[in-house]
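Shared chain: subunit A. Partners: subunit B in the first complex, subunit C in the second.
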Partner chain A sequence: MEKKDIFYPDTVPILLYNKHIEYLKHVSCSSYGNSYDFKSTESIRMSGIYWCLTALDITHSLKEFLQKPANNSDSISEEERIVNFLLQCYNPDGGFGAAVGHDSHMLYTLSAVQILVLLRKLDLVDKHKIARFISTLQQVDGSFAGDNKYSEIDSRFSFCAIACLYLLSLLDAFDLQKHPSSPFGIDTNKAVDFVLKCQNFDGGFGTVPGSESHAGQVYCCIGVLTITRALHKIDTDLLAWWLCERQLPSGRLGGLNGRPEKLPDVCYCWWVLSSLKMLGRLHWINKEALIFYIRACQDPETGGISDRPGDCCDPFHTLFGLAGLQLLGAASELQEINAVFCLPQYVVDAIEEDCCLDQLRAHRDKNAK
Partner chain B sequence: MVSSDIIKLTEDLEKQELEAQNGIATPQVYEQLLAIYLYENDLCNAKYLWKRIPASVKASTPELTNVWTVAQNMWKRDFPGIYKALNSVTWSDSVANIMKQVQDRVRSRSVDLIAQAYSSITLDTVSAMTGLPPDICAAACVERGWQVEADTRMVHPVRPISETSGQTSSEDQLYKLTDFHGRIKVRTTEEQNLQKHKEQQKKLTAYRMGMKQILATRDADSYNKDSLALSAQLLTINPDIYTLWNYRKEVVLIEIKKSYQDEVADDQKLIHFFEEELRLTEQCLLSNPKSYGSWHHRYWILNHHTKPNWQREFDLCNKYVSLDDRNFHCWDFRRLIVNKIGISLADEIAFSTERININFSNYSSWHYRSTLQILNDENSVANDLILVQNAVFTDPIDTSAWFYLRWVLSHPGITKIQKEDLLNALEQLQELEPECKWIIMAKCWLVKQGNLEKDAICRLKRYYTELIKLDPLREGHYKDCFKVF
Partner chain C sequence: MAESSSDESETTFQLYKDRKEWKDVVPVPQDDGEQPIVAIDYTEQFKDVFDYFRAVLQSGEKSERALELTKDAAALNPANYTVWQYRREILKALNKDLNEEMDFIEKIIVYNQPKNYQVWHHRKVIVEWLQEASKEKYLTETVLAKDAKNYHAWQHRQWIIKTFNLYEGELEYIDSLISDDIRNNSAWNQRYFVVMGTTGFTEEVLDREIDYTLSSIKVVTENESAWNYLRGVLLHDKCGLSRNKKVTDFCQDLYNSGNRSPFLLALIVDMCSEQVSQGNKDPLYNLEMAKTLCKELAEKYDTVRAKYWEYIAETVDKKSNKEDSQVDAEQ
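Here is the complex of A and B:
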């Protein structure tokens, strides 16, 4: 049977740490804003900024970058430029759009909150207003819509909602299970119920009940169940086995795909790995082969990481490639990354969310290595 | 061949395949259809067709395999391989003309590729990519206005100024810059960069001006027709601009409100509006069949449509499933339609069986089947066990059916006899496919069930030891399975 395979190079470089910093600085700085790649991706801009800043942070380059002057002027720094942009995307309904003038959406609200948490600038926004916006997105069956008008349902949005509330330190306060008479809030039990309904015959999770299992959706659903301490409700071994079957042998390289009979991709390396970490089964994949794969996807000329060896790199795959290497213990140079939120661990540690913090810390320590 | 002839011929051949007796068409139909797909550079359909062709037909028709060899080289973009495969055989009358045209097209595409990507390239490389001997190749280059340096044997192609066509095939997504996946890094020179930069600036200006106007004229109670038209243009280029889909929904709601308020009932005008929206989503789906925004907009419109044509939606689903049977957006859309209009479960089960029989290697079909409440009595469990067993025995290397088998075997209704029979069959299969880890895994699933006696534990330990050898990537998992004992 003819099977399409990746192109794999003869040699695999070591982690090109400094090259990636160079690349990240290049694609994050204000002057890059004139490039086509930047401008043509405006409808996902907020997420793009989150990928860049998180990658800069785990390579210890964020602080220096933020202090640089923006647009070669002395008047504002890169940090101020980013914060100004964020605040312009903060819509009257309490949500964030992907860029200025774009409608509020769950995906970009999470990205915005992740950025604010990274920059320690959450006080610049009304956290309760954001939380109220999120709570209006929950549907009767516990699922979450992407926006408050057109009801696109997706388990990704369940993750965005729960993760966002946690990062705002409001998950407890907005939990109707704990505060039933509160005028605003989400029903975490129903949220969990909906996610559980998305589980399939193979142990994986899809977009909505009945949708095919997909590693990205698995990450989102397991994230919800981890944060709400409901992981015990699923068949962990079955799912972890489905996840470890994502690893594909290709010479020395063992990349991960997102679902059966598909090509490997660095972004799945993150979603599968972080899911396995949350499930305590990181050792079910072959680390060496995966490390080789991710390293083979580096671009030695420009720095940055792509989805497959030989393809163009971008901030999305660069973040997930680096984060994956860190989770695998193959990059001591990098800051520790948190598997649930894909943020530096020290940032997550600083979140004041009493009910869940200790649980997540304990979970993390138990699954370390 | 004229393009309308191709379409007709393709349709005829596809119809003949569909209507063939016992589901097996003649070798000639298969050959011609496969060749036509190569002519159209539709390698995905060529691949699916190859998988559908029964092994017996393949074995008795060597020419079919020869056509497939061309396809394989096209898939790998191995140009010398393509020309070799095309010219090393004498084609029979039934496909000779088509294969000649395939060669012409391949050659023409590689010439375009060279012109787009290189400002200088060796004559030998151009010769390999066009399948022309160097001297003939050099003459052809000169004829196109490309400079050929005799001493260095370097060719300098000239990039044509081309109009971008509306539709891009999945092959041509090479330069699709809004999609982060699968963009091959192509080396370009200063000159190419300048040209590309100019085109990109044009696109960006159109986007910037378009968004500015649309957002400036956005209003809850009325809308600007030019802005609406602009939004269609921008979405056709990039269907992920979710704000513009929202904008269009607002416009549709304004139209719906207007139609309630109008004294003269004009259903037609509103229906025309809905149909325009559906047409737009279809256009967007043609160039990007995986955009969440397009699929959601389509479903949203159907929910508001006064006279939705659900049969047409099924046809759309079927079309996209045959283009890419792993497109989960399409399967999700189908499920929405089924739930909306209440199709019978029996019909969907029949559809699922049909999809599986077309192509065993279709995880999405097996998954769909698993959602149809299929294992609800002894008979259906037994039937599905037979169905999935056939699949894994026909193609044990494909993983899809094995996942489904594991699930069927976990059903409490599986009898001891069924398990024993399957175990015996697997032992036999293992002799033919000793390297196939799935067979051993399936044996583990069978032996693991119920109370484990000493004998079963011994066998399982042996199986897991074999699995570690055959499937070293998952050693960590197998070792954990071991630990249970």
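Here is the complex of A and C:
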């Protein structure tokens, strides 16, 4: 019954800011597209692009990257290449697939909308059509399916739906509670009810009612409750305690795990931190210990961040590691990140969705410690 | 045919572009909108299979050979949800024997991809079509024997149990897992799930579960899962967190024996908080005790969460002041 532990390095580097930019540019550019790593991750491509572009933006490197010619010799820019790809993934049903020829899916629809918002290119798509696609995925119990064929249910998809509608500035317009005779829309109350049912006895949230509490699912559920202004319906202190229990002190390092007795992982640093931020309890984490942990997960040779010290890095963990450091106030070089959408704050500020904006702003100001 | 599947890895894979029976199909290369300027270095087999898969997807072919093709594609990239979607459509169109499909997916889950969303979802869909769940408990047990915390396996198991009413024997199974690893949070979560889905926390069950949990805590006092479970059980105690004699006696004994597990102290703090909120002047579970323990937790026993403990001390203090001022107001 020994407790497992991770490898702890002797020294921890400072934030390798320029190295990470180098890494991100390398994995984002078109010529990387020939590697096996790239080809074999086709079924999550849309999310991969979102991770890379967001990380580039918070490191102030996005504009320069987008203007670069694709493949060093083509007449189109990286931005145009990405937009073309995105539009090819935009399916007739209004949703987006992970890559060209893939079925529409809630996860990749959110990633696509996040990218379009980041690039300020939402006008290239029919926002109402996307919102209609999302609304068709809501089930009778308020939950959301991932696709309209074989309906996998997961509280992650509830977050995708609500966040997407907000980013499209259509959350209000598609709220059946407010427009009951509208032919398309979602029942926000039922969506919230389903999410509340996913809360467990320990205060955490799982995939579906009864599923074990998991930090990733917590982020999604709290995201829904924050955007829909329903946070008051849960015992926030109990949940915040469960979240700060994720911290595993070990020497100077204090990484976060996703559920009790599991190993720490940089991505949980994001899911837990952003949730605590939304709950106004970010200060309950020992910041120094967590900062050390994230910095220990950097790759000093290639740049990029991995899940644990010594492991291979990838764009997913790089984004969440950087975003985590920014939330902790340990990286003044980075752009401010929004905890709800994991997009730069300035991007979220530009969204015109009055019904929720004040609430999110109020939260932000309250948490500005 | 079933035997040859286990030999697949040993026979040489023949590229689809070299197969006579696929001559009528024009493969569709991946279109990411770029012109590669360096030689392609991902495996030729991967490219070949997916070029043909794209072709079949575009033409809408739903044949035996297309079904085989989805098998190869799924084996190369099990996370490709479009492959699985299409495979399901072919299975339906050809009215295939779904029991064979069950064998196929079982092998992938158990030997290959136990942590993949798509394979578990595929299994769920096939089980739904067959309305046949007799193999599912065994399947999840096989996976959990290798990784007792596999989230997908637990989720599938909960769905099976709930949908097909297969709660029987589950508490015993959970017990065996907890014996193997007393800190298995998934198993403790499952215990709560089973009780809620069967008897509920009646007085008798409450008592039984408290006994179970306290004996578990005796073995390992630093077990977050057991303490969380105990709190979960006490949520159903009409008298609240702080008046279950078995629990309070246990906590006092443990504390008096010198144990300072942060989970023990945290529970005592919450008991104090409850008593204070109710305006009781308990000799033990009071503001004084709460503040003392919070200080010890912040400074010594759970320093990483110092800020949390400071907040809790303040909160209990505020509750106490509120109670006092209400009493004053009434007088």
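As a working rule, the second predicted complex is superposed on the first by the 367 of 369 C-alpha atoms of A that agree within 3 Å, B and C clash if a C-alpha of one lies under 4 Å from a C-alpha of the other, contacts with A are read in each partner's own complex, and residues count from 1 in each chain.
The rule is short, and it goes like this: a contact is a pair of C-beta atoms (placed from the backbone, for glycine too) under 8 Å apart; a residue touches a chain by one contact, two chains touch by 3 or more.
None of these values were measured; they are calculated from a predicted model.
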Clash or fit, subunit B versus subunit C on superposed subunit A: clash
Contacts of A:Cys312 with subunit B and subunit C, given as first, second, both or neither: first
Touching partner for A:Glu261 - first (subunit B), second (subunit C), both, neither: both
Subunit B versus subunit C as contact partner of A:Gln88, first or second or both or neither: second
Which of subunit B and subunit C A:Trp284 touches, first, second, both or neither: both
Touched partner set for A:Ser30, first subunit B, second subunit C, both or neither: second
Which of subunit B and subunit C A:Gly324 touches, first, second, both or neither: neither
First (subunit B), second (subunit C), both or neither touched by A:Asp299: first
Interface residues of subunit A shared between complexes with subunit B and subunit C: 1, 36, 39-40, 42-44, 97-98, 101-103, 105, 147, 149-150, 152, 200-202, 207-208, 210-214, 240-242, 244-245, 247, 249, 254, 259-262, 283-284, 286, 289
Complex interface listing, subunit C residues touching subunit A: 28, 30-43, 46-47, 50, 54, 57-58, 76-77, 79-82, 85, 88, 117, 121, 124-125, 149, 151, 154-155, 158-159, 162, 181-186, 189, 192-193, 196-197, 220, 224-225, 228-229, 231-232, 235, 303-308, 311, 315
Residue numbers on subunit A that touch subunit C, as the complex places them: 1, 3, 30-31, 33-36, 38-40, 42-44, 70-74, 81, 84-85, 88, 97-103, 105, 147, 149-150, 152, 200-202, 207-208, 210-214, 237, 240-242, 244-245, 247, 249, 254, 259-262, 283-284, 286, 289
In the complex with subunit A, residue positions of subunit B that touch it: 47, 50-51, 72, 75, 177-178, 180-185, 197, 200-201, 203-204, 207-208, 211, 215, 238, 240-243, 246, 249, 292, 296, 300, 326, 328, 331-332, 335, 361, 363-364, 367-368, 370-371, 395, 397-400, 403-404, 406-407, 472-477, 480
Subunit B-facing residues of subunit A, complex: 1-2, 4, 36-37, 39-44, 97-98, 101-103, 105, 147, 149-152, 154, 200-202, 206-208, 210-214, 240-242, 244-245, 247, 249, 254, 259-262, 265, 281, 283-286, 289, 299, 306-308, 310-312, 314, 316-317
